[in-house]
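One chain, chain A, appears in both complexes that follow, with chain B as partner in the first and chain C in the second.
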Partner chain A sequence: MNIKKNIALSDTGFVFNPSNGDSFSTNPIGMEIIKMLKEGKSTDEIKSHVVKNYMTDDTTFERDLYDFVNMLTKMNLVETDEKKKD
Partner chain B sequence: MKRKRINIAVTGLNAIDSPGPGIPVIRALRESKEFDVRIIGLSYETLEPGIYMHDLVDKTYQIPFPSAGTQSLLTRLGYIHSVENIDIIIPNFDAELFNFIKLEETLKKDFGIKMFLPTENQFESRHKANLEEFGKKHKVKVPHSRMIFSVNEIPSLKNEFSYPLVVKGKFYDASVAYTPEQVATYFNKISAKWGLPIIIQQFVYGSEVNVTALGDGKGNTIGAVPMRKQYITDKGKAWAGISLDDKKLIDTTRKIIKSTKWRGGLELEMIKTAEGEYYLLEINPRFPAWVYLAVGCGQNHPEALVKLAMNGKQVKPFKKYDIGKMFIRYSYDLIVGLKEFEKISTLGEL
Partner chain C sequence: MKKLQYERPVIQRLNTGVMNKFGTRTEYAPVTHIEGNAVKDLIKEYGSPLFVISQRVIEQTLKDANRAFKTRYPKVQFAWSYKTNYMNAVCNVFHKNGSWGEVVSGFEYQKALRNGVPGNKIIFNGPDKAENELRLAIKNNSMIHIDHLDELYLIKELATEMNLRPKVAIRVNMDTGIYPMWDRFGFNYENGQAWDAINKIMLTDKIDLVGLHCHIGTFMLAPSAYAVAAAKLSDLALGIKKKFKKNIQYIDMGGGFASKNTLKGSYLQGPDSSPSFDQFAEAITTAILNAGFVENELPLLILETGRALIDEAGYLLGTVISNKRLSDGRRATIMDFGVNIMFTSFWYDHKISPAQEFSQYTEDAVLYGPLCMNIDVIRENVTLPPLKRNDNVVVHTVGAYNMTQWMQFIALRPAIVMIDLDEKPHLIRKRETLASIDSEELVPKHLKEFKL
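The block that comes next holds the complex of A and B.
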């Protein structure tokens, strides 16, 4: 799953898609996940980072991440023409 | 660097809810690094706000409506020139362009006034009624469209179009109709204002993206900035917009300018579908009212147009622009003394 390369993410969690002008605000954990996705981290790497640092478990986080990624896809922030990495 | 002093006459001073491009064009010219401009406003109505914006417009003259024809426009411009010594005219209304295009050579020859307008052929070929043909010729996707001249033609539209469809005036106005009854309502409303024909265009779902651009008349794109409307008024006008990073849109603009050898400012109105396809809805043969966003993004298109008009020599194309710059319009109440209104109403100048 790749976040589009040109997506801009600010330190305050403001996400800007320069291709279509859409902008969104995300909370700190959303920002952290998008950052990791931008860095090319795999789902497993993200999961292990979040489970280690926050009070959650594998199953809950997997479900939440699935929902979050679905939302990013709907918001047109995810590459669709490239082969998925993970 | 000492700036060259020039007198530029500009139309489109109607900075209203459906704004003309005059005021943003003037703001762009005021910010020119090469020209120190004196702005002569050319107005049609006495309540065009630009007439009273004295920090932007030095002097305004009323000019005859386009329906009065080229001769009365020429006579009036001749008088204005005798007082103001105009160097350049930048017309900004679709409806007046035909007359100015017709007068371009005469104004240059008789008064030394320069313009940088599309040719009559370019102006006509991108006309709403001819757009489908234009698309075929220049290999750009255009939604199917057809001209109608009477409400009697409305029932048969269902054989050619699927609802919703767009009902357009020949110069301005467009409404989306979901039923034949709505088509009839918009037909009457728009034709009463802008005359016939009415253009029926297939509605395409997607997000509206626009480009403001400038062609040098030799096929080169001097500048192009794409924008997505973020806030749209009930008249379909952008109240806020943001510059985009859209290579495909820029490439399409370059392709159209190259293929048509477009001369002057233009605005492309396009729809980007969910599948990433672009459909050309309209080509406006002049700068849009949001052209000042291009200046904010680092491309002063009106200044570049003046350079092209002044010497006709090569103007270097802009290579980049800022992405993610926004414009937001606002309304503002000018306080005007009755004397000023009286002057423009009775003497035709202020």
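The block that comes next holds the complex of A and C.
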């Protein structure tokens, strides 16, 4: 699971896909997740990072992350050759 | 290290230059309190979902309506439309503030009497008045608004039999330029039915024609339609004066003023598109004042305003049951209240606010109710912060019709709380229980027992 290399992120939660001009806005935690994905972190690493730093628990975050990643895929922000594998 | 507040990750496509169908709404500003009462506390005490009614908002709205009419016309009387919200506590707020009662059934009539409204301050409308109900209304000297000829003949018979002179008005329907035209109630103006009915009443001395009534529609957005209606009723009143030398005591313009809700499909938000009381008052009073009455013979102006007086005073508090994704990727949030208790979501895009603080990030979502039915949709599209299970929301402007048209379907109906002028909540209707529903049911003896 990898975010496309050319996707641009701003500090204010602005996500831009230069290949088709699509732009998106995301909240701070969404930003953090996208950054970690870009750095090549695994979903497990992301999970332990978030649960350690935020007031949430494993199951809640796992569900939310799964949903968020699905949205990223739907929005064409994810590398397609690497079929989903955690 | 203190952990950070968690919010579900959200991402939303930005459509630059295109007006998206969700509009640019700011409704997601959180509403954590209603007149000093924390939403969380109210739900903890009375359960979720929960209707909350503000006595202060009712009184302010009624005052505003009274001011709009009384500064323009010498004799004005509001009569509370029971069907709009007949919780006794709500009715009594109106009665304590001078409103008479307007009822459309024997059940509502009895409710008004029990609340202490004197019989001669009750207006009895509607097509279905049973003989015993008419007898009671005649005995009580109530204002009976005749809907059809069968009723007129029945009242005439009862008057003879009871040796009393009933006070009546006729309901008039008419073309006011608004479609659909409500011509199923009362007697038509344009084709002469109304004038015929008036003549029938005037030519018997057994019945006293005291008023003329109309109710031209509901959620009316055009004050000009009221000007037409008021002119037509005035014309009938002046016709009666001319032919029979009789002054009509009152003109009753019914209800129908739009509330501050937003009709589905409307581009403008309700608060921006609904006319004010002043605009309706200006249209109606100008028409009557210009009709040609001698000054001291101006009829009393009665208004049966319903939704515009109560809608904004009502809130529905609810709780998130779950979130899911629909097959097309849209976010769906399931609430613990649905069309069973929010009937008006069929017509309105009700404003919905989260009841807790969030960051400024939002998501587009569909809001569903909890019923196992496809039609149970509260909002087809709404922009809200990322709500999670057990978060609370506040639905606005639900005071009209929801607490009378609600259905006991699948779920029990919730409690209703009224917040008084000192911001103290009072339970005014208990949450239904299995026992309260079952108490009306009977199971035949041969069906009482079974083995499985």
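The rule we apply is simple: the second predicted complex is superposed on the first by the 83 of 86 C-alpha atoms of A that agree within 3 Å, B and C clash if a C-alpha of one lies under 4 Å from a C-alpha of the other, contacts with A are read in each partner's own complex, and residues count from 1 in each chain.
As a convention for this text, a contact is a pair of C-beta atoms (placed from the backbone, for glycine too) under 8 Å apart; a residue touches a chain by one contact, two chains touch by 3 or more.
For clarity, every value in this text was computed on a predicted model and none was experimentally measured.
With both structures lined up on chain A, is it a clash or a fit for chain B and chain C?
Fit - chain B and chain C, as placed by superposing on chain A, sit side by side.
Have a look at where A:P18 lands relative to chain B and chain C in the superposition and call it first, second, both or neither.
A:P18 contacts chain B only, not chain C.
After superposition on the shared chain, which partner residues are touched by A:A8: those of chain B (first), chain C (second), both, or neither?
first
Between chain B and chain C, pick out the one touching the greater number of residues of chain A.
Larger number of chain A residues touched: C.
Between chain B (first) and chain C (second), which does A:I33 come into contact with in this model arrangement: first, second, both, or neither?
The second partner, chain C, only.
To be precise, I mean the smallest distance between any C-alpha of chain B and any C-alpha of chain C in the superposed model; what is it in Å?
6
Could you tell me which stretches of chain A are touched by chain B in one complex and by chain C in the other?
In chain A, no position sits in both the chain B and chain C interfaces.
Using the touch definition from the top, list the residues of chain C that touch chain A in their complex.
1, 3-14, 16, 323, 325, 329, 359, 361, 386, 388
Write out the stretch or stretches of chain A touching chain C in their complex.
Chain A residues touching chain C: 13, 15, 22-30, 33, 50, 53-56, 60-61, 64-65, 67-68, 70-72, 74-75.
Could you pull out which chain B residues touch chain A in their complex?
Where chain B meets chain A, its residues are 207, 209, 227-228, 230, 241-246, 272, 323-324.
In the complex, go through chain A and note every residue touching chain B.
Interface residues on chain A, with respect to chain B: 6, 8, 16, 18-21.
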